[in-house]
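Consider the two complexes below, in which chain A is the common component and chain B and chain C are the respective partners.
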Partner chain A sequence: MSIQTVYDAVLEFNNSSIVAEIKRAMAEGADAGAVLADGLIKAMDEVGQRYARGEFFVPEMLSAARTMKTGLDYLKPHLAEAQSEKEGTIVIGTVKGDLHDIGKNLVAIMLEGGGFEVVDIGVDAETAKFVTAIQEQNADIVCLSALLTTTMGAMQKSVQEIKTQCPRVWVMVGGAPVTQEFADKIGANGYSGDAAGAVVKARELLAG
Partner chain B sequence: MNSRERVLAAIAHKEADRVPVDFGGSLATSLHTQGYAKLKKYLNMNLDKEIKVARGRAQLAAIDYDLQDTLGVDCRMLLVKAPDGWINSDDHSDILVDEFGMEWKKYEDIGSYETVSSPLFGPEVTVETVKNMKWPDPGDTSFLAGAREKAEQIRKSTDKAIIANLALQINTQSNKLRGFEDYLADMIGNPALIESIMDRVTELYIERAKAILKEVGDFVDIVYVGDDLGTQIGPMFSLNTYRKLLKPRQKKLFEVIKSAADVKIFYHSCGACSVFIDDLAEIGIDILNPVQVSAAGMDTKELKKKYGDKVCFWGAVDTQRVLPFGTVAEVKDEVKRRIEDLAPGGGYVCASVHNLRPEVPPENILAMIEAAKEYGVY
Partner chain C sequence: MIIVGELINASRKPIAEAIRNQDSEYVKKIAREESEAGAGYIDVNAGIFVGQETEYVKWLITNIQSVVDTPCSIDSPDPQVITAALSVHRGTAMINSISLEKERYDRLMPVIAHTDLKVIALCMSDDGMPETADDRLRNADKLVTGLTRNGIPVGNIFIDPLVQPVATNTTYAVEFLDAVERIMTGYPGIHTICGLSNVSYGLPVRKFINHIFAVLAIGKGLDALIVNPLDAMMNASLTTAETLTGRDDFCADYLQAYRKGKFEFLN
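So, the complex of A and B:
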């Protein structure tokens, strides 16, 4: 049950012991892919569910996500050996004119915890920056974030331009003022009101 | 019934002649300088007067008194000068350094300042760092210069309710100092660090509250304090975290305010903060602002039913959709709805949910104020 202790460490926000737990699990014979899937990713799924149930809040989610990230950073070189399969590649950023990034960062780290390769292009990102990153990374999904009511216009423009230039990428949007209705109106393929939901939505899109 | 009596009646949960209206009385019921320029142009008023900035980093306008009088709003803002070393409203530099040593950068196209550095940013920060950082002197009273005269002058020149805008945000200041993301994570992972920051901020703000209210307390009706507790979709942290870290410190500060002067406490928290209202009322708040109706669990009917006897609601006219994007008719409907939900029996002051961004059309601002007066008659 050594992978269970990796899972527990994430849910107990035990950032200082997560690497030791992973080492122990692997020394006992667990392979890196299993530690990732049944330890880290499974734990982050549980974090998302606890958040959705109102048992966890942003501080708990961030602390769990940081613990997961510490573990993932240690695990990454081993994963390359094990040829672990990625869920997909996602480009994420906050739209032009908007400097807010906590929500975006939380979505990024939850997606990473969900097994996606995540490329974060930061805040105040021009459409061209999204397009370049999508093309360079051959991304499956692009996520755009806006916190300000007044940058929803920039989001709309970016989404239209991305759809034209990168027709095969799935577009997801989110952020405080963004609603499903707005997402539909601007032609986005996916929307989520929170970080945990974004992982579910991204998996749905790639599952077709 | 004059404006002041009208506002005090609402806070005392009594029906006045009409629902009071606030526009420009507090740091959370005003508008951006660019929006104010548009409004003045639309009204063709005070075009030769330079726009005064109430809060530099948000580029928040201090609304002219004669314009407030023309619109018939019921509140006046009393701003105490920023302490020496804090951002000067008249300074338009690109990088400003505040009294804590944090740097704020101006983002021209957004028209506001955001923090870019702080002595308490980064992974190496410990309780020791907090101890050794150069904190503002709690004994500094440089910001009091002229405050008493100004407060007295406002009291004598108007019958409006006067709001002393002290801010004194323990949670917000602490999270600015630490950086929001690390702050939230440390609340769980390193609460001792967060408590050490909060303690210094609380100590400073208690001394400030005492000093300011000693000077202006007898001229003001309301003290504006605030600490955001909510996000769009839920509380910023759990009620347990609030009770453990923030509530005891807020309680101390509010006790000091209430014992220093006969004032009502106007508490500002954005976002979904309904779970905290019982606790906030218990530690002495009288008014809850801005009632962000677009956030989760902030339905005005429900809020009135559950907490209507505990706090006076102040705000609630939607700024995320209706005011910036709605028509004049939609604005009026929104005001009517909020008054119907919140005003019965008193306990409501009508205002926008927070400061208006530059894009809000002047027509909508005026429609909000007009509708509040029209539908607000008891």
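So, the complex of A and C:
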């Protein structure tokens, strides 16, 4: 199966062959939308699951994501309007006072890999910056990250303010000191302990 | 090698429990173990207890220093916590830590200016974490200039160049190592320090990476570490690394470690 080789290329981190595999699949008659869904996105889901099971590690997740992105960039012009419709739009950032971005970046990469439109507003983000981005992008979900125990208070404040100003948006939180218990306490809709889980959680929220 | 023992940190579950239950015996036991294992400073962190951090840090220091003479490393960005901690601390404490983040810098500097405190200074600013060795050098230079201008002698400054996970960018470890070398040669008498857990994030067998990283950093001149002083393999590695980098006259420390059975974990 030709789409299978696209899927395999992502799981083998084969950044140099992914475009050739996509070209071959399409020459054999595969639809661009199917290559995206059953090749690229499905492969990234598998990457996420292997990561969650401890079989894949962070550099492999990044390498797979790069391969996926190379494929996606090639595929984009071939996708019909309806096919390129995203799963949803997500605004992501690290809360005020916190300059750490590694965890947040991993989550953003995996969400993109999962087919979401991701708008990254960076680190040390004021609540107003989250709210503006949510409104401008008409976002479905907002993800807030905190790495420090000292910025969990800022996370709580931002979440409460966002819930008031953007009642329609789903709020997800994460970061080293953040727990499900804390997420519940501050009124977040979703929490994940790792980047792969964040993709699953985001889909759950949008599925209702 | 100057060891800052990292165990008395409330983000570790047993310590959080001990604080909640006011179990002073557990804290004293860990303090004794860290001190006996060679910790030059005992790090004290109660940061997860928002609102009660001051009270708990004072409680920890009082208990620790009731059983050991080892000074503490007061691990908080909050000048009020640090001032309160210093009011009960005996000896010369270490402050963990100042950085170039403007609010933290401006509020902490008056507390430490013109004292004989040891100061850990993180190479980060409001612009974020440093990526390259050049970023780290620029930040280190600003920190050294600011601290010495405020009466902190260079010998009391411990620069933490800050290491980021090699899993997310393979240049991160080498940029850190280059920075250590350039800081140690550029500011004679200064110290460099770091923690070890960040570098290995996202990879398996993290402990092994942390070990090798520590050894490589010592090779570049790093002379202080925030670690678990009870880790036998780490201690053996640190002693041996110092011997191999010409900091152990007649291999005396190495041989003493041998006679004290510090390599017996290999058997």
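Here is the rule we use: the second predicted complex is superposed on the first by the 202 of 208 C-alpha atoms of A that agree within 3 Å, B and C clash if a C-alpha of one lies under 4 Å from a C-alpha of the other, contacts with A are read in each partner's own complex, and residues count from 1 in each chain.
Throughout what follows, a contact is a pair of C-beta atoms (placed from the backbone, for glycine too) under 8 Å apart; a residue touches a chain by one contact, two chains touch by 3 or more.
This structure is a prediction, so every number in the text was calculated from the model and none was measured.
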item	value
When chain B and chain C are modelled together on chain A, clash or fit	clash
Which superposed partner A:F13 touches (first chain B, second chain C, both, neither)	first
First, second, both or neither for A:R66, with chain B first and chain C second	first
First, second, both or neither for A:F57, with chain B first and chain C second	both
Doubly contacted residues of chain A, that is, touched by chain B and again by chain C	54, 57-59, 62, 99, 102, 105, 149-150, 177
Contact set on chain C toward chain A in their complex	11, 47-48, 50, 77-78, 101, 124, 126, 128-129, 164-165, 167-168, 170, 201-204
Sites on chain A touched by chain B in the complex	13, 15, 54, 57-60, 62-63, 66, 97-99, 102, 105, 148-150, 176-177, 193-194
Interfacial residue positions of chain B with respect to chain A in the complex	107, 109-110, 114, 180-181, 184-185, 187-189, 231-238, 241, 294, 319-321, 324, 357-359
Chain A residues within the chain C interface of the complex	54, 57-59, 62, 99-102, 105-106, 123-124, 149-150, 152-153, 177
